[in-house]
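Labels run A, B and C following the written order; every chain starts at residue 1.
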Amino acid sequence: MSNRIDVKKTYKLFINGAFPRTESGRTYEIKNAKGTFIANPCLASRKDLKDAVVAARAAQSGWNKASAYNKGQILYRIAEMLEGRRAQFVDEIITVTGVTKVKAEKEVTDSVDRLVWYAGWSDKLSSLSGALNPVAGPYYNFTVPESMGVIAAIAPESPSLLGLIDAIAPIIVGGNTVIVLASTKAPLSAMSFAEVIATSDVPAGVINILTGKKDEIAPWMASHMDIDGFDISGLAAKSHGAVRIAGAENLKRIYSFKSADPGRILAFLENKTVWHPIGL
Amino acid sequence: MSFYGLVDGSDSSLRKYLGALSGVDQVGADARAAMLATRSIKTSSKRWAIDTAISMVDLTTLEGADTPGKVQALCTKAVRPDPTNSSVPSVGAVCVYNDMVAVARKHLDLVGGAHVGLAAVSTAFPSGRASMPVKIQDTQDALDAGASEIDMVIDRGAFLSGNYIDVFNEIVQIRELCGTKAHLKVIFETGELTTYDNVRKASFLAMAAGADFIKTSTGKIAPAATPPVVLVMLEAVRDFYQMTQTRIGVKPAGGIRNTKDAIKQLVLVNETAGPEWLTPSLFRIGASALLNDLLMQRMKMDDGYYASPAYVTID
Amino acid sequence: METQVSFEYAPAPESRSVVSIKPKYGHFIGGKFVAGSKHFPTINPATEEVLSQIALAGKADVDAAVKAARKAYTTTWSKMSGKERGKYLFRIARIMQERAREFAVLETLDNGKPIRESRDVDVPLAAAHFFYHAGWADKLEFAGLGTSTKPHGVAGQIIPWNFPLLMLAWKVAPALAAGNTVVLKPAESTSLTALLFAEVCQQAELPAGVVNIVTGDGSTGALIVNHPGIDKIAFTGSTEVGKIIARAVAPTQKSVTLELGGKAANIIFEDAAIDEAIEGIVNGIFFNQGHVCCAGSRLILQESVADEVLEKLKKRMAQIRVGDPMDKNTDLGAINSKEQLLKIRELSATGDSEGAERWSAPCDLPKKGFWFPPTIFTGVTQSHRIAREEIFGPVLSVLTFRTPQEAIDKANNTPFGLSAGIWSEKGSRILWASQQLRAGVIWANTFNKFDPTSPFGGYKESGWGREGGRHGLSAYLKGVGHE
């Protein structure tokens, strides 16, 4: 059937559980390593970001209320769905980046495994970071980690899938919602990953994925007053200073990570200490 | 009886009335009492405070070994606490077992102590474990022998098992018996009620039932009149006044042994119920050893040096 | 006895003789007191008496302090075992306890807070912070903070005037325990206890340069924040200044913790233990003249008990003893500075002009010094400035609610998130509310309680990081949680 014209996918944004085109109508061209045209993903606008923040904020309280067990199962469900679509992700990674099949398969495998690893953290965070504090008085006093709210993230350029998962999973596992900007050069796996999310029982608005230019969107994310935290791991170090300055307006918690560890989860959790008297 | 219009005498109305009371947080009440204990009062006020405290003492002897002689000596001391100094006021009352009431009445009248109250502990004091006819007879005996104040105990067993209406009805009956002849003080034995919530509940129960005074303890059980317990009771009389425009008195008893403790109690009264309660008609301190310490402190203030126990009479 | 003599409390003044205040102070750098060049007066806010002249550190002083701190870090402190470091902290804790009276009196003279509070809260808690953190020094690898237990290096610390010594302890104790050396700047109006603390460091034979104290105003603070030789900034103060610091360090590699403002809601449910709740309200807003970042400055009352609570609250407020901070019976002392008094007056005036009803406890305020009576505003709504801005004074805004969710929504309707209070006798409601409230410290059936083991710090614009407990310690170790 070599004469068949294949049906190409239109890559859109993922906001509030839906796949809208950018309201700006702007797109940019993705080519592979050899210069062949691949796709026209959306160039997300400031308004798209705003819509994503509104969706993320609306979803946050419900997601936060979900039990840790439930959150863990949903993250595990994402891993299951990703596992089932391995071939598609391997193909897309090869198409866009031109890496070998072995390398692409490893990235997908690592991505599934990473999701499973994060899934298991959901109901262990409070034993990791919580505390019962022996205060000098008749009070019961404990500290628990709690979700911070709405977190923005810039995924690294590569690895485009695994990096995206590191930008999403540690943020949502503790009850936050996220708006993530995918790899600019390799956004295909991000938008396909949105399809995985859409079929994984993740409530609408918990994960929102944008595509576009980092230098354009990062400052908008940094200055948005309804974003509580910002993972800038995928942003070039030279831009960190400016982003941090803009983020100071509402004292956003802005961090950059080099590895996947529980600290990455805890960075976007607040610690709440509760006192209560002990008496008859 | 109208019970201030707060209850109609039925179990359900009493439960509703007590159920509407706010709770007491133990740690918070303890902290407030401890903070008030750090107040220090003016030297000029201290002299007044000592005399006020003397006039508030219910000078008490409640021993199995009490004899007419002991009670007579107590009465003499109650009228003139310091035989060498007539400026020392009489105490508020003497407090005795009710078989000693007649002796005390006769002796008080003999030594010019008609103005000193005569309190009898009644209703099968201290345990309250007797039938109601016995409790009534016990009280009637005291009244017949000339008591002007009845210190009754509540049935803590009934209270702790939730039979509030039984406790209420006992107080109502004793109140009726006292009529206008005697003031009624209702003893809770707070050491057995154990929680401040119970103390607050018992206070409101007793006040609605017609108590003139609410009293912490028999003196037979520790802890007794701890500052936070007295704080909770003072808050209760203050709130009851807001509800009914009636001032009920408070009597801590047990554990108040020296002037410092007594002044702490007065500070509690001043800052909780208010200065209106700083009078023997609304605040009494049940004690025995306290009086001598008050007298010694008074001597020290007059003389400028510390007094010796040899200069105050042991009974 | 029926003729009532008034029952009066004695002015029971704490003796000033336990402290000796020098006419002029310099900085504490490299283990020695060094003379300053310029000076400014520090006054007793209760009397406006000039207590001493405080040095204003300029660039050269800050450079010298950072240099001394770096030298101490490189040559001594980073090489010393945790066990030995801890012993110095234990020594400091003990000496602070020994000299507690002196610290308390000096704090009250310089700050204006009641001696009862400096004696019973500030000083014992400060010593407790050193004692607690001393024990961490040789156990960092067991702190559960990951494998990195390296200090940052030199920590620049800037503290406020509301709890001068206590905030010093909150900053210095964990920094030293973790192995950092310190350049600390006390607040302009309250430097004296920090300078006395320098003497404690000398008595403890703390190696020279481990703790350096430079005094001065905001300009000195800016020199510390922007100093390239400093690895870590810790600041307690206003959100406004916090944001300036956040911007200043943004382009650098400095690690930052910020403990900033608040506008805490104190929610009284109808089933609360009312009498203790009244005490909690009073302690929440009138403790330390309301100069408390976590003060319960918004009282959120369930409508069904609002009248009862307000009536009782006013009666209780009328008993608050305002006056000489050195009097042991005083409950509410002096406002720390003229500037702060003017700010309180200005914000209170907006309460009047925006239609809230002001009630102040009747009390005679001293003629000299800076004073403000315990005050409440009723009829306040979310849109009033006094419901949104931090007044940092003895002024309480009262709002009401009908349903628990409404209380939470009002409580959370603020960019701050430092603390909150809940009063209810129902356990499940307390736990529900403490989950819903977006604040770092929740006091349920109590308020304004602090402990070195208990992490303290805010959500949202109330700051970055925690102080106290394991969480607070982590702020002084590298690579914990994030790069």
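Things worth noting here:
As a working rule, contacts are C-beta pairs under 8 Å (C-beta built on N, C-alpha and C of every residue); 3 or more make two chains touch, one makes a residue touch a chain.
Quick caveat, the model's predicted, so the values are computed rather than measured.
Chains A-C form the pair with the most C-beta pairs in contact. Most remote from chain B, judged by the distance between CA-atom centroids, is A. With centres taken as mean CA coordinates, the chain nearest to the overall protein centre is C. Chain B and chain C, compared by their mean Cα positions, are separated by 44 Å. Put simply, the C-alpha centre of chain A and that of chain B have 70 angstrom between them.
The geometric centre of chain A is 37 Å away from that of chain C, both derived from CA atoms. Residue positions of chain C with contacts to 2 or more other chains are 445-446. Among the residues of chain A, those in touch with two or more other chains are 137, 139, 277. Residue numbers of chain B whose C-beta contacts span two or more other chains: 25, 27-28.
Residue ranges of chain C in contact with chain A, taken from their complex: 128, 144, 146, 239, 242-243, 246-247, 250-252, 258, 260, 415, 430, 434-435, 439-446, 449, 451, 453-457, 459-461, 463-464, 466, 469-471, 480-483.
Residues 128-129, 131, 133-137, 139, 141, 143, 146, 148, 228, 240-242, 244-245, 247-251, 253, 255-258, 261, 263-264, 266-267, 270-277 of chain A are the ones touching chain C in the complex. Contacts from chain B toward chain C in the complex involve residues 22-25, 27-29, 31-32, 38-45, 48-49, 51-52, 55, 89, 232, 235, 266, 270-271, 275, 278-280.
Of all residues in chain C, only 1-2, 4-12, 116, 271-276, 279-280, 319, 328-329, 425, 445-446 touch chain B in the complex they form. Note for the complex: chain A touches chain B at residues 137-139, 277-280.
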